[in-house]
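Structures are listed in the sections that come next.
One chain, subunit A, links the two complexes that follow: it is found with subunit B in the first and with subunit C in the second.
This part shows the complex of A and B:
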């Protein structure tokens, strides 16, 4: 049984007759201790998906099962005990810490709320957690504004891990940080996973960051997963034209050619067909009328495309 | 840059805000006036022993005419200075109690409507509009006329008509803060609504509330004075407003009877406004760079 399974999840906003389909039929599963990377451009629904999984919003339809428990429509009261099992690391280390609380208070409150520890015992857990993320004991009685972005992100990680969650959703945890700090934080996340064993759902728009940390990668486009494969497979043998474009767009010092960029959108998005068709170099008549479902291409490799693996050059020829 | 200054100034560097506040000459002047009034109120029974309503000398002694009564006596031969000293108690007590009342109601209504939104917000805001529609003072007169006019009812009455300002302010702050990531983090940690409202959001909403409260104290003092002037406040207590009300009839022959308490109201209200301005400057993140 997977730790988390999401089945045909939809999250729609706005009016009923013209909804914004931020998440439009996503299915995925996550095993204990693994890292699933989720990439996609801004606005593709990554954050909406992560908020829905944590039940910070109410899904429109579909199912979310965490540790065998269907949490899709559970009330807040019933969710409270589940919360300690799933936590989140936020993108903005400046906005995600309460500016009026000391680090000690920020880290102690979750222990109190979930009745895990009080007094001396809580203080010991907090000190140990701070140490584990590389914060000295003198950091605990200071306020968030006294720290740099990287240190604040360490505090955010400590807060997410202090309840010993089995699932941590990392929502672009390094995209607000300098490049040198990014590597430190990524290594910290890897080390903490090895020591404490949480599964990560790692969300980013940066494919190279996701590749570094993930066991498997899911590529999301306009509210749907278009390709999902083990990290090395996806990197070596991308099947979806969108994934190929993403990988091709990464600047590479060893590759002496201009990155392949996607053509701009031509025309509107087809009503019935593939959501990528208006930007796809491979789009055929079928793509305009029939929406491709996510299907198995090879072992552990899924793709939603009518022409998987075809290169743009072959399509033209 | 804006990001940095905002976070720095929002930080609970209370000492920093205090330093800014104490460097502001207007704010310090306000504090000095307030300290004087406070001193008079606390030590009233030592400074002017006995009931200020008893006749002690011949009527209409002008200020300075008799060194025993430096501010003179009124038409009934009562010591004006004793009235001023004891009147400070009424003004401060009513001002503070009324502000506490409106803080309690206003913060609760504002926090709950701003945090939950939706139908709770609509109901709460309708309530605010109902209270705000009639002129404040008229509503206050009605409230005091229905109940017994004594100091607690006057204070509660003033609080009951002035909380909507605070409710709107707190609601706005809550609406801005509830969308911040640290509030989302609190939700994902499974914190209860009460905990999020009072421990996570409210401390961040407080700076403008503190500033507005000081101005509310001033407004409450004015309202109490106006009630006393009309003879609608507690008739058994001397207050600055009632002194003006009684002195009004002698305005042509003994203008000091109205002017002296008037000056007291003016300076106390000014003091609270100066303090409010100083607090605003010290706590406002956009002015944080002006050290």
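This part shows the complex of A and C:
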């Protein structure tokens, strides 16, 4: 049984007759201790999806099952114990840390809220957690503004992991950090997973970071997963033209001044058919009328495309 | 490098309590792209602001010269600098929405720039504005003159900014993190556009960025800055093939991009220990506190840039 399974999830906003389909039929599963990378550009729905999984909003339809329990429509009270099992790390740790609380208070609060420990026992857990993320003992009595961006992210990670969650949603955790600090934080996430075993749902717009940290990668485009595969497979043999464009757009010293370009964005999605058709170099008549479903291309590799793996050059010929 | 369009020599930028850029020298040749790359606090954006005469009120140029078109820009009056900005020097910034006036149509904003610098009639300027939108490959340029900034996507807005920046045929384009706010597929389009203008119009480009990948793909030469000082100046291909400064080496190898097929199940990323420092308090090398090969001298004596080849300079006594 997977740790988390999401089945045909929809999250729609706005009016019922013209809804914004931020998440438009997503299915995925995540095993214990695994890292699934979720990559896509702004507006693709990756953050809405992660918020729905944490039940920070109510899905329109579909199912979310965490540790065997259907949490799709559970009440706040019933969700409380589930929530200690799933935690989140944010992009901007400063915005997510209370500026008027010491680090000790910030890290102790989750233990109190979930009734896990108090007093001396809680203090020991907090000290141990701070040490595990590389914060010295003197850090605990200081305030968030006294720390650099990288150290604040260590605090955010400590807060997320102090409840021993089985699932941690990492939402762009290194995007705001300097490159030399980014490597430190990625290494910390790696070590904590090895020591404590949480699964990561790692959300990022940066495909090279996702490639490095993920066991499997899901590529999202306008509310739907268009390709999902083991990380090395996705990189070596991307089947969806959008995945190819994303990989091709990563700046690379070996392709000096020769980017693979998609046509400029036109805004919105076509009324029918494949949602990528109006930017796709391979689009055929079928793509304009028939929305491709995510289907199995090979073992562990799924793609939603009528022309998977076809190169643009072959399509022209 | 061709004859320099911009020649910065011994530049120091000072605030009342700090000196965030120290002893910076580099040139940008005609028609080349020079990238200044660095992390936060490296002084890369202050350097760009100094060239444009847009330093914040409390900052001043404490030493050095910025020579452009036969003049030293550090000695110009604000009025003279205003004529150069948007004229001979074009600028684009990270966030096109905040650089565009939200209550003015695209056409009005471009014609205003043209008439400010070149004069002429409104009608002529409008014709030129449509040509410029076509030049930056905005579809249906004449109709887009009447569009408002909020009606355009981020990538399209950045194209409008580029059209304004090149409206008066500048010889230098300063691009400060021009694609940081854009999605990667759009980023590639915008950089391809800037590079095409460099090539076709012979504009020199000063690219300010934190993104090593962009530098590797789009720059001819690179200045690597750390905490206010230049660490290494080299051709882009030479730098990535064989970085010489310990900081450049650390930065390039810490990038997930440099790992190839190695994933995080295969071992940790090489990391640079410690935090990004500030140059203010250090008498020696600004990178010394984090440097894996620092000598005892490095903390007390600032290494000068020395040539390792015709076009490769490094500020490190250990680098070979």
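Brief remarks follow.
Assume the second predicted complex is superposed on the first by the 309 of 317 C-alpha atoms of A that agree within 3 Å, B and C clash if a C-alpha of one lies under 4 Å from a C-alpha of the other, contacts with A are read in each partner's own complex, and residues count from 1 in each chain.
The rule is simple: contacts are C-beta pairs under 8 Å (C-beta built on N, C-alpha and C of every residue); 3 or more make two chains touch, one makes a residue touch a chain.
Computed from a predicted model, the values in this text were never measured in an experiment.
In the superposition on chain A, contact of A:277 is made with neither subunit B nor subunit C. Of the two partner chains placed by the overlay, only subunit B lies in contact with A:90; subunit C stays clear of it. Applying the stated contact rule after C-alpha superposition, one finds that A:42 touches subunit C and leaves subunit B untouched.
Contact with subunit C, but none with subunit B, is seen for A:212 once the two complexes are overlaid on the shared chain. Of the two partner chains, neither subunit B nor subunit C is touched by A:11. Taking subunit A as the reference, the larger set of touched residues comes from C, when subunit B and subunit C are compared. Contact with subunit C, but none with subunit B, is seen for A:178 once the two complexes are overlaid on the shared chain.
In the overlay built on the shared chain, the residue A:99 is in contact with subunit B alone; subunit C does not reach it. Of the two partner chains placed around the shared chain by superposition, subunit B is the only one that A:159 touches, whereas subunit C remains out of contact. Shared interface residues of subunit A (contacting subunit B in one complex, subunit C in the other): none. Here subunit A touches subunit C in the complex through residues 35, 41-42, 148, 150-151, 178-184, 186-187, 190-191, 205-209, 211-215, 231-232, 235, 245-246, 248-253, 255-257, 259-262, 264-265, 267, going by the rule given at the top. Residue ranges of subunit C in contact with subunit A, taken from their complex: 39-40, 137, 139, 153, 155-156, 183-189, 191-192, 195, 210-214, 216-218, 236-237, 240, 250-251, 254-257, 259, 261-265, 268-273, 275-276, 290. Listing the residues of subunit B that touch subunit A in their complex gives 3, 7-8, 10-13, 180-182, 184-192, 195, 199-200, 203-204.
For subunit A in complex with subunit B, the touching residues are 51, 54, 56, 79-84, 86-88, 90-92, 94-101, 109-110, 113-114, 143-146, 156, 159, 163.
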